[in-house]
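Chain naming follows the written order as A, B, C and D, and within any one chain the residues start at number 1.
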Amino acid sequence: MSAPALLETKGLTKSFGNVKAVRDVDLSIPRGSTFGLVGESGSGKSTVARLVLRLIEPTSGEIRFGETDLRALKGDKLRRQRRKMQMIFQDPFGSLNLRMTVGETLTEPQSVHGLGRNDAERRARGEALLAEVGLPAAAMDRFPHEFSGGQRQRIAIARALATEPELIVADEPVSALDVSVQAQILNLMRDMQAEHGTTMLFISHDLRVVQYMCDQIAVMYLGEIMERGPRHRIYEMPQHPYTQALLSSVPGSPKEDGKRAKLKGEIPSAHSVPSGCAFRTRCPHAFDRCKVEVPVMHQLGEGQEAACHLLDR
Amino acid sequence: MTAADTQAEAREAIRAPRAPSFLQRFVRNPTAVLSFALLVAFALMAIFAPLIAPGDPMRVNPVVRFTPPGAEYFFGTDNLGRDVFRIVVHGSRTTLLVGLVVTVISMGLATILGLLSGFYRAVDVILMRFVDGLMAFPGIVLATAAAGFLGPAISTVIISLTIVLISPSLRVVRGQVLVVREAQMIEAARATGVPTGRIFRRYILPAVMSPILVQASFIFSAAVLGEAALSFIGVGIGPTDISWGNALTEARNYISQAPWIVIFPGLALMLTILALNLLGDSLRDLLDPRLARRR
Amino acid sequence: MSPLDMTAAPGAGTETKVVLEAENLGVALPIDGKYVPITTDVSFSVRRGEAVALVGESGCGKSMTASAIMGLPPRGAKVTGRLRINGRDVLDLSPKRRRALCGSEIGFIFQEPMTALHPTLRIGRQMTDTLCHNLGLSRSAAMTRAAELLDLVGIPRPKDILKGYVHQLSGGMRQRVMIALALSCDPSLVIADEPTTALDVTIQAQVLDLMEKMRREFDVAMLFITHDLEVVGDFCDRAVVMYAGDVVETATAAEVTRAPHHPYTRGLIDAVPGTGLERLVPIGGSVPQIGAWPEGCRFAPRCSRATEKCAIRPPLEGAPMPDVRCWHPLTEERT
Amino acid sequence: MLRYLAKRFLLILPTIFVPLIMVFLLLRLAPGDPAGMMLGDQATADQLAALRAELGLDQPLPVQFLLWLKGIFTLDLGNSIFFREPVMEVIPRYAGVTILLTLVALTLAIVIGVVMGVISALNRNNPVDRGVVTSAVLGISLPEFWFALLLIFLFSVTLRWFPVSGWTPPSAGLIAFGASIFLPALALGIRQSALMTRMMRSSMLDVMDEPYITTARAQGLPERKVIGSYAMRTASIPVLTVAGLAAGYMLGGAVAIEIVFALPGLGRMLVEAVARRDYPLVEGGVLTISLVLAVLNLVIDLLYAVLDPRIRYQ
């Protein structure tokens, strides 16, 4: 908890035209931890992933990576910074170059960042990476389409590890996989994280997966953080009505009056975010104030915070 | 211990057998092989025309005019007693030359402009308006007007066909660049820190090459057809040059007496175009990554 | 009896009539000139008022089974075995009479309502086409009925929605329209193919509630196809677990989700993160590809309990435990 | 909807102006003196100067461009050198033939394309389908002027079913008109109908695999209705998209067809004007073809919006 933050954002905001996809997001990810970002579609969680990696340009806000001001980096400096921060995508088929062998895929990050003294050394490291993710060295000369979905995601993980990054951002890394394979990849990522001490930003819509993987969790809704805190606080004593509803909507959760749904209505479109609290149109406790005033974060102890007017007293 | 676990979990054969290479699949595709062979045959015919049908194809011999096809004149003779076979063989030179030059120039330009257009918004807006304008407009009309101003000659045909055919090619290349540009592998490469130049070379160019190759065979066929049409209406190559289209210009007046003068040059033309279209079709099937993925 | 004026308490006095009965149902598809089996020996039944889950991972054959029951398998498919709907053998019906069962006796709910509803036809037109054809209603009567149905599934301003197109609706609304369409001709069997998979959690809960309400009101037999065991435990009465084209286990939903007997079902449960943080126990390897199933027990290569005996394919009935296709089923409760 | 139409209209402007600008530039930038070419060797210096002044060729290029633009907007395209009367009076005499020919050919191509495409798709991979696919490939490779000659040889010379050549306007009786336009329209439409057959076939195959077709079946609708009103509705949209391109292609193909069948159309007029170096008439011809195309494309865009509501509501 007291570990210094590796990644920190302040007031991170991104607009696409007149759609505000992400608004005022403050994150602080302690070094060596796994930080979970959960939310439904339109919550802006994947946009945050791309913003902190500077794959898209923020409209405003700060991003700090350790001592580095990421927003100040440009061109080649930014590119070289990428050695320290890598990404794993949802679709292992789309994120691999189908025309490159696994070997090329694994040596490329090393060579573009000047790691390894020669090709032989980089190739040896590629084979070591494959072994680490549980694939035989024979895979080096194969192409991505010769592998199953789970194996491809292993290759993507190996690629992300190739530069020994300090931060890995994983965007829904298991949601394209079958349940039985999903568990393999989750375990693999947990092991990697433990072994290398890598800091991880883990993005998912699946609350159970996030609970399994993450120490710190932030819940997003329509581009804003509703609640954040350590895992046990979020899952055992959620304070924000949205977090509560989200957790009790998971299939298998106890029903009230024989009903599963705790929320009425649908997620509003990002084009027309409600005034005041973004969640108020679906909130069972909404009152007049929620319409006019954006709630601020309330400190709830142990690092738990929630943005809701109900917490005022 | 965890590594052992991991390996046990991943224990699973890499999906064998290895996918056949492009060449292996090409050879196994009868349409591809047949059309390619036909094209090679036409190319050889053009190259060795003086050996296959020696003599001047324009030589007039009124004594034998309108001789039907037979052992002496395979394809018969025309109204001036010229050997139709010789005309067909020598005519392939013009046709294939124009087709090749137009394809190379227009595809080359289209690739460069298409890549630029896919990456620079300003270039894109201007080029695409231009392409929209040219795309719908009938190329023959434009080429006819051009021939009027520049005079009929091979160079005129090449210039006007290139102008006309660059638009559809540019569209194909640009469309593909736009698709590839949004592909997740590009974002992944950027996130890894791969420099832009390398992304261009290793990621984008290989991905747009296949549609370019396919498009090239269709452009080739369109150029062959275009040259023939222009020559046929008399605004293509000069009247003293030989091409299949030219041969048909006069032949059409004698169709009732000597249909063979019309049939053979046209047949050669059609076979060439057919071979190119079939080659394009089979290349498209063979190069489609979705099909390759399906084994 | 119209479900709209239904007053009887749900479940009261329902005779347990078998609506759907599949016996050794198999589907084979022609691939490269040979028939490759996609499912084999699928046997189960669904009674009136009951929700039965067909569970499994991708490629297990659950969707293929569903399309075979609908009579709409992919082109060239060969369907074998027996299939009875409301007591009638349907596999040898003529295509026309088979089609007549669709809509009127069987309703279908798809995973992706966005693509399952026609993009350029008004929603009203799609609903009335169905009502007119199956129930012989006039266009205007069908329109009134369609509006009632939309109201029933909780769609506000049904008359406006009927005039609109699918792309104008949100994901949850689309799935409500789909449900209304499936129920429009009062079928006795509803097949739902992953109806909530594409939806967000909070919307998924709403749709599951709606489906439960509709199931009771229309008193239908429901075949619920899903990959999510939690949804099975939450929504269904019984479950049929499929793996590599086979039924591996049939039991009550509670049994399947808490104390399954087949090692594969157990593996599926252990592979999903629960509330506990203990290390997940994945199933090694991955699902075999269609046409490349192992001989004998198809799960054996991934199974920790496999022995030499597993080289022989276990039957569903006649192995150590009834309704479990395994030579070494898990017998004791695991805690 | 109005916004969509306005946008389409703006997008069509380049279709009119790009070809015109190219012709404008070609004429001015080509080597040699246009006035000299038009008048021939015997022209006196005074005659040349007079013609240059009339065509505005004595002005600097930007001024010429503005004058030219003004001419287009006021539909004052000058006088035809050969006919010695305003271009705007010459053109209408020829335009009707070409427009009729193109419309008949386009209709023929769409009807053949849609029918054959659907038949082919519904018989996927059986002999009927293979037959259609093979004919379509042959059709695409068929040079239309050559096909026109073969048609004349077969139907006019050998069978004597149709006149060899010549034009009968619709006012002279529909049967005679039909007889005179059928072969030219068939020759002009054959390639495009083959293209549309392929398009319709693949689009139909795609649509038949769409989930909403399965839904329609799952609702118990009879197959005839599923195909006729559910599948064809969406499958025909891509065919419409290529209809605009096909129309352009046919206006061009009409040049050769008009020559073969000796039809007094714009295409033949254009070739003759080029041969006579009648530049104002050439420009007028190009302008007319551009305008016809623009109108056709607007009509197609309108149809598009009718068929696909997703466009209307954007």
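Methods note: contacts are C-beta pairs under 8 Å (C-beta built on N, C-alpha and C of every residue); 3 or more make two chains touch, one makes a residue touch a chain.
Worth saying up front: this structure is predicted, and the values here are computed from it rather than measured.
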Distance in touch steps, counted as few as possible, from subunit B out to subunit D = 1
Skim through the chains and flag the pair connected by the most C-beta pairs in contact.
-> B-D
Taking each chain's centre as the mean position of its Cα atoms, how many Å separate subunit A from subunit B?
-> 48
How many angstrom between the C-alpha centroids of subunit C and subunit A?
-> 33
Taking each chain's centre as the mean position of its Cα atoms, how many Å separate subunit C from subunit D?
-> 52
If you average the Cα atoms of subunit A and of subunit D to get two centres, how far apart are those centres in Å?
-> 54
Name the residues of subunit D that each touch 2 or more other chains.
-> none
Provide the list of subunit C residues touching at least two other chains, using ranges where the numbers run on.
-> 282, 284, 286
Check: subunit B positions touching at least 2 other chains come out as 9-12, 15
Touching residues on subunit C, where the partner in the complex is subunit A | 57-58, 170-173, 200-206, 208-209, 212, 227-228, 230-231, 233-235, 267-268, 270-275, 277, 279-284, 286-287, 302
Contacts from subunit D onto subunit C in the complex sit at residues 124, 210-212, 214-223, 225, 230, 233-234, 237, 307-310, 313
Spell out the residues on subunit A that touch subunit B in their complex, using ranges where they run on.
-> 50, 53, 55, 76, 79-83, 86-87, 89, 91, 94-100, 108-109, 112-113, 131-136, 138-139, 142-143, 145-148, 150-151, 154, 156, 159, 163, 184, 187-188, 191, 194-195
Spell out the residues on subunit A that touch subunit C in their complex, using ranges where they run on.
-> 40-41, 148-151, 178-184, 186-187, 190, 205, 207-209, 211-212, 235, 245-246, 249-252, 258-264, 266-267, 282
Within the complex, subunit A is touched by subunit B residues 2-3, 5-7, 9-12, 14-16, 18-19, 183-185, 187-195, 198, 202-203, 206-207, 289, 292-293
